[in-house]
Structures are given as structure tokens and as C-alpha cells.
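Report on one structure; see the data block that follows.
The letters A, B, C, D, E, F, G, H, I, J, K and L name the chains in turn, as written, and every chain counts its residues from 1.
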């Protein structure tokens, strides 16, 4: 890789799937951070309402390169 | 939250995806337990048949509020 | 189960979802190994490009029966 | 110890301290279960409101002896 | 597997061996639960008296199928 | 929950108790971050001086909602 | 820090709180060991009697400097 | 030790005990691998039939020296 | 329990079984320590010779009460 | 310690050693953060090129004191 | 990354340093495997002789791309 | 191995590298303990001063054989 990288830890949410929750989290992080390179799943949870899964919540660590 | 909550640990299964396996597990739990509030993924596994994924199995802990 | 089983650890990738990444990994393993029986998810990561998830990567341990 | 024991996993809450949250959880469990013998802390979390800790939440596994 | 499964967590005890402690726990669980399918060892401990192992204690999670 | 959340990891300290150390950490975080929603305990340590506990140190992850 | 440090692992007990159990453990360790510098919480458990917490038990690793 | 070693991960099974399951796994591995030196227990599980333990399953990592 | 307890961590070995290795470790610890109360299994390994298990090695933490 | 501390998680890289990768990460963090006090190693990985280690990558959590 | 990857787990040894032990392990793996891409450190141990470190032993998982 | 072994847990420090910190810890332990056989790395941390790594700190468990 070369250089130095930093992690930010976020929770993405979605009513559809774990994959979509990750996508939402990554898109939001990209609004304020440049050079996003990869993510790692830390935890998967969700909300239940009226006996159905109402929301998928995925905690991810997102890695991005720092400027020199 | 307030009050006291209890966990039950179950394994949901699905031929489609991890998200669907969670949904199946939650729906079954809701048949006999009231006030289900959230779930946490503990483990993800699955069955293989003839070189293809035949079943997704997700172990989840489901939290629900106890009556006072 | 009976008999002795062996694990092989692989990483499947997909541009669609975690479930699809597992499927890709299992299909590739089935090309060279017989009697695949189950998989266990070890880690979930992915690549980010231009602020979007570009690839889902799932590390799985695949279990298969050894001949006697 | 002798005999067979069972665990139930619960979350106690309190506005005062972690120790009090455990106490609340144990007291509620004792309403429906006999022979409670010990607890083990699994996780400690809490709620924040207006920049102050509003609630301490402690997940505990409670062990109790089963009748023969 | 198909269907939904549930875990119950128990501690079996024995003066002989870890394997026997598991057996004792499983036999007790079978008195009140049907369709027990598998167990997973969570923890192994024991009691010491007069400088000798006096009891083996094994915590196991026991999985069983829920009725549809 | 809805939306995307972010974690910040801090260490609160107190000469009184673990609960107070958490409170100190949360109050400091609230000075520069809005919408703090919950905390999770990561580690509990402390300093010893002259054979007495001189300070309780609690590492917590604090979650807060990001603006859309 | 400089020099070499050693850990001793102990369990402190208290009828009041987790913080007090740590204090009891540290005070006892200080009777026979010099230069105690810090502690790290390893596990938190407790005893239940008549449906109430009867004792808090905290396992800690205590670090102290070895003489050169 | 000197040199380079490799791990293979297998699951041994037995109707008698955990120790026997390990022995079965090691004997099978020795059929196709030379220079086996040690094993490490990774997981202990088992199958239940008619309310009795029907099979002990032990996952082990087996280490062996590679030729130079 | 009451009072303060200390852990010592040892490795017992046996050519017969894991349970016997624990017994050997406990008996040796009892030669120099009084008031041994319980043990907890930390790790299970072993040596392989000529394709057979030659030795079972169990690492245990042994707890004992300290004098007041 | 006194006061409140914050962690930032970074990945340092080096073609020489793990220690040098940590040094690189710390030096870069010091460009934008004041009062850096300590680091903790979270993960060690690296890149391989043409059958040789081409880069050491060390993930560290760096702790620093927050202004009052 | 694209495609499917496989892990092999090995132990490299060196009388000099942890970094050198990794290098030795990687070089040996490259003798029989093509397309090695990265390594992850799993465990660090070593041998002691006459009160000095006599050997550094590093267990690593090495990832490499499988042919399509 | 044969016989019974004991672990002592220490922290070695060095201004040079992780490997040197281990060496320092081992040498100190050898002053008061005989028959040191191996070490296992538990944790790696360090001190930062003026934006540079000022000290490497490695926690290791050292194993040694007990007299019969």
C-alpha cells in the first residue's frame, strides 16, 4: 500500500439487507472523507417491529489513505 | 430502554440469503414471544450440496422486554 | 457425522452481496475438492471505489469429508 | 456443585450505576426462576441523553440449578 | 437443516471426565426438551477439593429444532 | 434507527467509580459532538498508588448520528 | 515505563459494587507485593442469594515493577 | 524448532470421548502427511440422538514440519 | 466466596486424556499451594509421535484463597 | 492519568519491520494531533511480492489527551 | 481483488526477529505456491534457552489467488 | 514434554524494537526462575513522546518446568 491509513468506524442502516446497510454507510462516509479504500464488518444487528425485521444495522471500519 | 430484557438464541435458515435466514428466525420467535425488540448476529454458516450453497444458517440473539 | 473431516479456508468475492461472494467461493472450491459439506463465515470485508462498495469479500472455512 | 445448571441471559437497566443495573436484572429474573446461584457480566452499555449518561445497561448470564 | 432451531445453555457436572459431564447435561436437557440435535462446548471448569479434581463442569449450548 | 451513525472511542477517568469515569468521558465528548446516542464499554483499567486504587479508567465507544 | 513488569491475577470480592471489589483485591495484593502500578479488569461475576446480588467478584490483573 | 511448519485443520469424531476423537483425527492425518508434531484444540462439539450424546467432534489444528 | 483469591496458570500433561492432564496439574499445584478451590481450562494441545497422540497438554488457571 | 483521552486508529507501513511501520504511523499521526501518549497494536499484516515480504502493515490505536 | 483466494497457515522461525521469522515462512511457502499476495499474523511465540530468546516463531496465514 | 509447567506473565520494555523488549523481559525472568522453556506474546503497546515511539512494551507469558 505505502503511506499511512486511518480507520473510521460507522454504522450503516437499511430496511433491505446487510449488504445494502454497508453501502449506505460507505456512501455517507464518502461525503466527508476522500480516498476511501476498504471496509471490514465489525458487527451485524437489527431492529424488530411487529415480529418482522424492520432494519439491518452493520457496523464497519472504513480505511482511507492519509495525505503525506 | 428502562425495565429488564431477555435474550433467546436461535438459528434461522434460508435457501436465499443471510438476511432472509434472519427474517425466518425472527418470524418464528415472534410466534411464541411478545415484545421482540432487536437481534444480534452471532454466527453465519451454511450447508453445501453438489458444490453449491444449499442453505444459509444464521445464529442470532433476539432481545425482548420482560413484563414488569 | 462419522469419519474425519478437513477444513480449507478461502475468500470468495462478488460485486453483488455477501451471500453471492460465499457462493463464488464454494463453487471454486468444488472444482478441486469432493464431498464439500458445510461452510462457516470467518470474516467479511470489501473494496471501496469512488465512494461506493465495489466488491464484497467473504472469508469462509469449508468442511469436507476425507476418504477413509 | 453437583447436578445440572441452566443459564438465562438478561439485560438489567438502571439510571444509577452498573452494579444497580445488575441488581435490577437479578431481581426480575428471581420472579420467575428459582435457585438462582450466580451471574456473569457479558456486556456493559448505556444510553446518552443531552450529553449525559441517562441509563446503564448490563447484559448478564444468570445460572440456576435445575431440579433433578 | 431447514426450519428454525433454538439454543439452550446448560452446565453438566461429573466426578469422572469432561465427556461424562457433557453426557449428564444432555440427558437432563432431554427430560424437558424434544428434538435435541447437537451441542457445542462453551467452557470447561471444575472444583478442587483436598488437592484433587473433585468435579468436572462443562458449559454447553444445546441446539434443538422448533416445531413449525 | 435510520440514517448513518459514527463511533468515537475515548477513555474517561475518575477517582470514584467505573460509572463516574464513563460519565466524565461522555460529558467531554458532548462538548464537541452533537447527537450522542449510546456508549459501549470496551475496557476497564485503573491506576494504583500506595496500594490503593487511585483512578478508574474506562474505555468506551460512543455512537452518534451523522447529519444526512 | 522502563524496566520489566510482572502481572499477578487476583479476584476481589465485595457486597457493595464492582469498584469496591477491585479496591479489596488491590489492597490485599499490596500486603505482599511492592510497586503496584495499575490493574486491568478481566472478568466480572457475582453470587446470588435469595434472589438478590449477594457478592460482586472482579478478576483483575495487577501490574508491578520488578527490581532491576 | 528451526525450519518452517504448516498447519492443517481437521475434525476428528468418536462415539467415546473428546480424547478419542482427537486420536482418530490425528491417525487419519498421518496417512497422508509426514512429520506431524503437535495439535491444538480449536472447537469441541457433538451430535445428540434420542437424548444421548451420539458423537464427540473435535476440531484440531495439526502442525507438521515442511521439508527444506 | 468472601475474601480475595489468586490465580496461578499451569500446564498439566498426560499420556491418557485431557481430564488426566488436568488432574496431574492440580496435584502438582497442591504440593506448594494451599486452599485450591477451582480450575478453568484455558487451552488444550498435545504432542504427536509416529502418527499417534503421544501426550495431552491442558493449560489451566487454578484459583485459591489468600489468607486475610 | 486524569482528564479524558481519545483513540485514533491508523495503519502504518514499512518495507523494513513491524517496529518501523509503527514508527511511521505514529509520526504521521503527530502531524495533525497533539499530546500523543501511547499506542496499542491491533493487527499485523503485510504484502507479498515475488515470494518475498514487500511491506509490513501494522494497525495501531493511538491514545492522546483531550484539552479540558 | 476479483476471483477466489485461498489461505495456507504456516509457522516461520528465526533466531533474529519476528519480521525475519515472517520472511522465512513466506519464502518457504513461495517454493510450492504461486501468486502469494498477503500475510496476516496469527500468533507470536518463541523458544528460550539458557535464559535468552533462542528462536522467534510467528504463525501467519498466507493468502494467494486461485486459478480460475 | 512430560511433567507440569507454570506460566508467569511479564512486560518487557525496549527503546529499539518488539523483539528486544521480549529479550529484556526474558532475561529478567531468568534471574529468579529456572528452566524457562518458551514465551507467548499476549499484547504489544508502547509509549509516545514528542511524536515519536519512545518505548516498545511487550506482554509475554513465559513457561517453565516445575520440579517434580
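Keep in mind that, in the parts below, contacts are C-beta pairs under 8 Å (C-beta built on N, C-alpha and C of every residue); 3 or more make two chains touch, one makes a residue touch a chain.
Just so it is clear, the model here is predicted, and its values are computed rather than measured.
A.B. asks: Considering only chains that satisfy the touch condition with chain E, which of them also satisfy it with chain L?
C.D. replies: I
A.B. asks: If I superpose the C-alpha trace of chain K onto chain L, what rotation angle comes out, expressed in steps of 5 degrees from 0 to 180?
C.D. replies: 120
A.B. asks: More than half overlap in residue numbers between the two sides of the chain B-chain C interface, or less? Answer same or different.
C.D. replies: Different; most numbers are used by only one of chain B and chain C.
A.B. asks: With residue numbering as the guide, point to the option in B-C, H-K or K-L that repeats B-D in over half of the contact pairs.
C.D. replies: H-K
A.B. asks: What is the distance in Å between the mean C-alpha positions of chain B and chain I?
C.D. replies: From the centre of chain B to the centre of chain I is 38 Å.
A.B. asks: For chain E versus chain J, what separation do you get between their C-alpha means, in angstrom?
C.D. replies: Taking the mean C-alpha position of each chain, the two centres sit 44 Å apart.
A.B. asks: Could you list the positions in chain J whose residues touch two or more of the other chains?
C.D. replies: 9, 17-18, 29, 47
A.B. asks: Kindly provide every pair of chains that touch.
C.D. replies: Every pair of chains in contact is listed here: A-B, A-C, A-F, A-J, B-C, B-D, B-E, C-H, C-K, D-E, D-F, D-G, E-H, E-I, F-G, F-J, G-I, G-L, H-I, H-K, I-L, J-K, J-L, K-L.
A.B. asks: Can you tell me which positions in chain A touch chain J when the two form their complex?
C.D. replies: Within the complex, chain A touches chain J at residues 1-7, 9, 61, 63, 66.
A.B. asks: Touching residues of chain B toward chain C in the complex: what are they?
C.D. replies: 16-18, 43-48, 51-53, 56
A.B. asks: Taking the complex as given, what residues does chain F use to touch chain J?
C.D. replies: So the residues of chain F touching chain J come out as 8-13, 24-25, 28-29, 47, 55, 57, 59.
A.B. asks: Which chain C residues qualify as touching chain B in the complex?
C.D. replies: Checking each residue of chain C against chain B gives 17-19, 22-23, 26-27, 29-31, 36-41, 62.
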